[in-house]
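Two complexes come next, and they have one chain in common, chain A, joined by chain B in the first and chain C in the second.
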Partner chain A sequence: MIKTERVFMPAKYMIHTQIVPNRFRPLTKSGIIAWWEGCLGCRVCVKRQCVYGVYRNRDLDVRQMIDSMDNQCMNCLRCVQGCPRELIHKSINPEYEALGDSHWTPDIIAQLWNQAETGKIPVSGAGYSGPFSGPGFDSMWTDMSEIVRPTRDGIHGREYISTGIDLGGTPKHLAFTDSGDLESEPPSLVDMPLPIILRVPPFGSLSDNTIKGWAMGARELGTFLALPNEIIKGELLAFKKNLIPIISPCHPLLHDALEGVRLVEVPWGEKWKEITQKIKEAHPSVLISYRTPLVRGVEEKVLSIVNSGVSIIYLEGTSSGRVTDDNSIFIKDGIRQTHLALVDNGMRDEITILAGGGLAMAEHAAKSIICGADGVFIDFPILIALECRMCRRCTKGLPCPVEIDRAEASWVASRVTNLIGAWHNQLLEVMSAMGIRDVRRLRGETGRAMFYEDLDRSTFGSLGTLREGYELE
Partner chain B sequence: MTEEKKQTLALFYCQQTPESSEQERQCLEEKYERSIRLFPIPCGGRIEPLHFLRALEEFANAAYVIVCPEGECRYFEGNLRAKKRVQKTREIIESIGLEGNRIGILINPRENPKSLARLVDEIVCNASQLEPSRVLNLHHSPARPFH
Partner chain C sequence: MNKELPEVVITPSRFRNPIGKYRLHRTNECTGCGQCVEICPYGVHVKIGRVLTKNHYRCIGPECPNACFEACPAGALSLKRNPTFDTMGDLRWTPDLLVSTWCMAETGDVPQGGLEYRIGDSNGGFDRLRLVFPRFHRTNSSPLNEEVDLGIELNRRDNSSHRIRIEVPFYGAGMSYGSVSITTMLSRVRAATALSTFSCTGEGGYPDQLKPYDDHVITQVATGLFGVREETIKRVRIVEFKYAQGAKPGLGGHLLGDKVTPAVARMREAVVGYPLFSPFPFHSVYSVEDHKKHVDWIKAINPNALISVKVSTPTDVDMVAIGSYYAGAHIIHLDGSYGGTGAAPDIAKKNIAMPIEYAIPIVHKFLMEEGVRDKITVIASGGIRTPHDVAKIIALGADGVCTGTAELVALECIRCHNCESGRGCARGIATTDSELMKLIDIDWGTQRIINLFIAWRKELIRILKRLGMKSIRELVGKTDCLVHLDYMNK
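And then the complex of A and B:
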């Protein structure tokens, strides 16, 4: 008799999102300047004709002095063009332009707000009007040769695309006894359903509720939240399976906080062996990730770290997406060089590379993985999801304009879930369009991307270089 | 805390005002702490009586707007419109028994225009003469529609 078993497909990893309204009115790119003086009082005024009812349903948010007119306007410019006296103007909002900095641009911040509110990928109906190429991740184009697939079947279609990764190194080979039993130690791995790990940002107007909300979000998503070991106490102890305590040599080890965690982070430095020994003695099953700044020539250091038996390393760039000792080199280049050095030395599978610093958009996660990272840390995006304007007032002791510290933990968790839901969808879209079904396969797959620098060199490199002071005729 | 810092001032300023970037705004916030609230606007002509009235109703002892020199408005007449609206708002608040000088406008001089910081200093100096507003002691009603 043949014994039959019902075979169940593993459940698809889905992030369920829902609209989570903003607590404050978001700043918008443009504002309407409507002048009432000189109005002819037309019987069919352009203001009455507004299809969005912008002029009919006005109110004023007194906390920020933001007029609903600006938030509701969809920039169709019908009123501007239609007014016979040309009384209505539109102008760039100075507060919007002042958001963030050259890396965390107003448009990126506004997109992250939108993703955290809706959980959806922002769509710009008027097409892409930006530059064709740019610095950093903008100089990479991903392969879309199988773009027909997401169009035909959707990103959550019949074929399952896995975004799961394993943290930890794998051995080069397995050894078996004569009887066929496994002789060597099986690798110690931690698996997670998406290659994105949350990290408490270096600044922000944070409260216990904010951190708890992020931890709730990490648990909901099945990922981790990295945070300083010394702040894990009280209610946070309930989330330990989804926390990565960051150990600091300046603070004593809090073993209560480490009990039951799966992963800890230790800075790579003089005391790494001592700290590792202390952790391993008390918590033998825990995996350790070592943090090292992403600097020029970091690949040499990583090779020596791998030789020391380390299985997870976190390469940390600056918050503007550069290597820490050279502002002209982007983290994508640092990750790529490290990955290639490990591949050349046959060591790539012995270590998991996590990368972070300045990752601001979903495509940055996908592109970091293409450059060779296994997974990424994101810090400021989870703060911007809470309506942060990157104004850095909190670093000067000034009050937060959006009172992040007063947000409820459940609201924080839902906003972060929405943000990561949107990023997950975009990762699926990128992988789907290039015909890759597993994010582990995407790692280091630079054949599925084009780099502007390479194209420029191969296309125009033979023409020579233009010396400064000379012009092309 | 000085007497000057006890005043709560709502300050709207045109983005064309010299040295009025976000950095300068934050420096002023550090200097005056919570005693002033700064609101950049795209043009002085954007201001409406309701901005002033709601500020006086909710949190401010006084509300001022800083506009560009006459004849130099980027939108041609924004500063002139703002001047008329300030006048109109003054009439409204005087009709309910409040001092008209709780609302004000500062037109940047055409010759040697001043920076935002200097203009704010001048306004704070003027506003510090005012008594605390009686309106703020009244019961606050919930936010109402614009009209």
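And then the complex of A and C:
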């Protein structure tokens, strides 16, 4: 008799977003400069004709001393171009330009604020406005499909695209007994619905509410929040299923916090065996991820780590997306080399590679995976989602200009849910265009990406000679 | 040329205060002597009773040979950079490119100074490529302006379809009714008619107002099939299949609900106020054979029509191009990843598919190797901003280009990127709002685009003459006319 079993599709993974207003008015790229001196008081003033009602709805935020005009202005310049006395101008806002640094640029920060507020994919009119290519992840493009290969319509919900991944290694083969039963141990895996894990950033004006909000967000999203083992107590213990305690050799193990967690993180170092043993004895079912800095030639180290039976590695780059010992090498290249070395040695599926360090945009997650990571950690984006301006005043003990430490946990959770909701949809966009239905299939698909170094040289490398008797235009 | 060129008519900005790079400040020290009016070659100052600085935007700044701000006997004039200038544009369409395109649309010629009108600041592709010219010009052998031929044949494969020649190596890319106003559409198509070229309807239907210009219209069949009927297919000489768009490769089109006004809804046979999705891909096309079925379908309705296939630039763009040729296309239109759009996810615009500067050489070379390059017309688009971009992409292997954003900039688009929000473009270009649409007069719009294209034409002729070429056809694939600064021998 044929045994039939009904197979159910897993429930579709959806992230519910809603508008979660900013607590402070965001800085804008440019500002309106309008003065009264010389104003003719025209009956039909250009200010009254503003399509967006900027001047009509104007108010002043006394706490921040910010004029609402700049937040509402959409830069159509009609008032600038219409005023008969030319009394209105626009000017670049130096405070905006000073946001962040060369990696966490003002535009990236503003775009993260916006996604955390709206939960929506950034959409705009007109073409791309940025540089031709750039450092790190900006030096690669992803593929699309047309005519000869189908795409997937995931974003509008008409086709199911899975963003789920498993953490943990899988055996090279399965062994069965003569009677057909499984002989080998089934692999121990943790599955999660999206390849993005939250991580408490190295600095920030944080309170218990901030951490709790992030944990709530992680639970809502079905992902994890990685945080130091020693701070998991009190209310946080309720979120253990969605926490990754980070063990530090300098602190004693907080066993209360470890009981019932699915995953812990241990730094790869001299004491790794000792710590592993201690954890395994008390909590045999927990999976351990080993953190190691992403350095030049990290692939050799990863191969040896895999040989010692480890099943999850977290490769950590710097907060500006570089390998830790060479500022000219980007984590994208470190991930790619590690992935390829593992493939060459037939070991890729024995290990899960998590990557992190400076991931700032949704595309960085997709591109890390294309380069060979299974999943990624993000840290500063979950802080910037809370309106952080990356001013680093908190690192000097100064008060936070946007009072992150005073934000309610529920607000924190919703902002992070929005941000990840927007990132999830953007990951779907990239996969839709490529025609890939499962993020596990995206891993290492460098053949479906285009790299600036290769493409530029093969296209223009031969155009370097200025012949005798010729001159540049 | 078979047809007379339209004339340049000076067509200034429709706004009271045109934006330029510089501003001249006049203090009360001014005695009204009028010396600035006399020495300025650009008409910046005027004397109407007293002396006024009326046309700041024409000032070319510090490089001016007759600087009023130095010559003023009372020391009343000082030169400042206009702060608004620097808030406009971006790395691809720099403020310099915006203002110089406005200058071309006003005067029909490139700016006289003070502005970089050839390249942007993207630091790659077109912006790092330079044309190279012979150092010594043999003036006696160089052709006359009238002898330089910029025209291209669009049908290079068969005698059974229309023979169509366009007199300039560019035509207007698809912009749908709904994404832009009828005034913008009419301005574009009327300019295209005047220059003996074409303009494409995009996928939002074929408004009746375009009827007088049918011979210069390309109608688009895209996945939404909005307003596509037998009648519209029969009206035109070229039909374009849009498989993908450079700005959102692999993703569908999306017209937000606010822009679906009663008129747009009628044209697209849809419901007012509801967003319209144009799915991706054509759910009937999963192979070159399926694509051929599409081409045959058009051929059955309009046997003489030329078929253009608009595709984006995936890794295997060469396979897509050759497949399109064998399915019967006359034109393969490659839309690179940095092209314009009414609304697209930023992640798609930035990251998905390759820039046109890579795709054209790949396709050109592959079609040559396959022995069919001279049987198909290769059109490039997606980031063509200037006549120099046109020359560069042709030298890389295209036959001609499609223009889009440049035409909108001629209508005074400032690239604020808000085409999609609310009532649409506040400057009246990409909107269907009945009030905002009135900001543009059709004759003004038509003449601005004509002027821009005449300026492009003149510049292309100047380029070809310096290269010693008599026809734009000679430039196709001549990569030795180019140098890429990143690879230049030091």
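By our rule, the second predicted complex is superposed on the first by the 440 of 473 C-alpha atoms of A that agree within 3 Å, B and C clash if a C-alpha of one lies under 4 Å from a C-alpha of the other, contacts with A are read in each partner's own complex, and residues count from 1 in each chain.
Throughout what follows, contacts are C-beta pairs under 8 Å (C-beta built on N, C-alpha and C of every residue); 3 or more make two chains touch, one makes a residue touch a chain.
In this text the structure is predicted, and so the values were computed from the model without any measurement.
Colleague: Just checking: does A:33 make contact with chain B only, chain C only, both, or neither of them? Give me first, second, both or neither.
Modeller: A:33: touches chain B and chain C.
Colleague: By the touch definition at the top of the document, which applies to A:303: first (chain B), second (chain C), both, or neither?
Modeller: neither
Colleague: Please work out whether A:340 is in contact with chain B alone, chain C alone, both, or neither, and reply first, second, both or neither.
Modeller: neither
Colleague: Check whether A:92 is in contact with chain B, with chain C, with both or with neither, and answer first, second, both or neither.
Modeller: It touches chain B and chain C both.
Colleague: Check whether A:42 is in contact with chain B, with chain C, with both or with neither, and answer first, second, both or neither.
Modeller: Neither partner.
Colleague: Looking at A:398, would you say it contacts chain B, chain C, both, or neither? Reply first, second, both or neither.
Modeller: Only chain B; A:398 stays clear of chain C.
Colleague: Give one of first, second, both or neither to describe whether A:68 is in contact with chain B, with chain C, with both, or with none.
Modeller: first
Colleague: Quick one: is A:131 in contact with chain B, with chain C, with both, or with neither? Answer first, second, both or neither.
Modeller: In the superposed model, A:131 contacts chain C only, not chain B.
Colleague: Is A:58 touching anything from chain B or chain C once the two structures are fitted on A? First, second, both or neither.
Modeller: The answer is first: A:58 touches chain B but not chain C.
Colleague: Of chain B and chain C, which one touches more of chain A's residues?
Modeller: After superposing on chain A, more of chain A is contacted by C.
Colleague: Residue by residue on chain A, keep only those touching chain B in one complex and chain C in the other, then list them.
Modeller: Overlap of chain B and chain C footprints on chain A: residues 33, 89, 91-92.
Colleague: Could you list, by residue number, the parts of chain A that touch chain C in their complex?
Modeller: That would be residues 29-30, 33, 51-52, 74-78, 80-84, 86, 89-92, 111, 121-133, 140-151, 153, 155-156, 158, 361-363, 366-367, 426, 429-430, 432-435, 447-448, 450, 455-457, 459-467, 469-473 of chain A.
Colleague: Where on chain B does chain A make contact in their complex?
Modeller: These residues of chain B touch chain A: 10, 12, 15, 21-22, 25-26, 29-30, 34, 39-43, 45-46, 50-51, 54-55, 57-59, 75, 77-78, 81, 84, 143-147.
Colleague: Can you tell me which positions in chain C touch chain A when the two form their complex?
Modeller: These residues of chain C touch chain A: 13, 15-19, 82-84, 86-88, 90-93, 118, 121-125, 127-136, 243-244, 247, 249-252, 277, 279-281, 285-288, 291, 311-312, 314-316, 319-320, 323-324, 337-355, 357-358, 361-362, 382-383, 388, 405, 413-423, 425-427, 430, 436, 479-480, 482-484, 486-489.
Colleague: For chain A, which residues count as touching chain B in their complex?
Modeller: Chain A residues touching chain B: 31, 33, 35, 37, 58-62, 64-65, 67-68, 89, 91-95, 98, 391, 393, 396-399.
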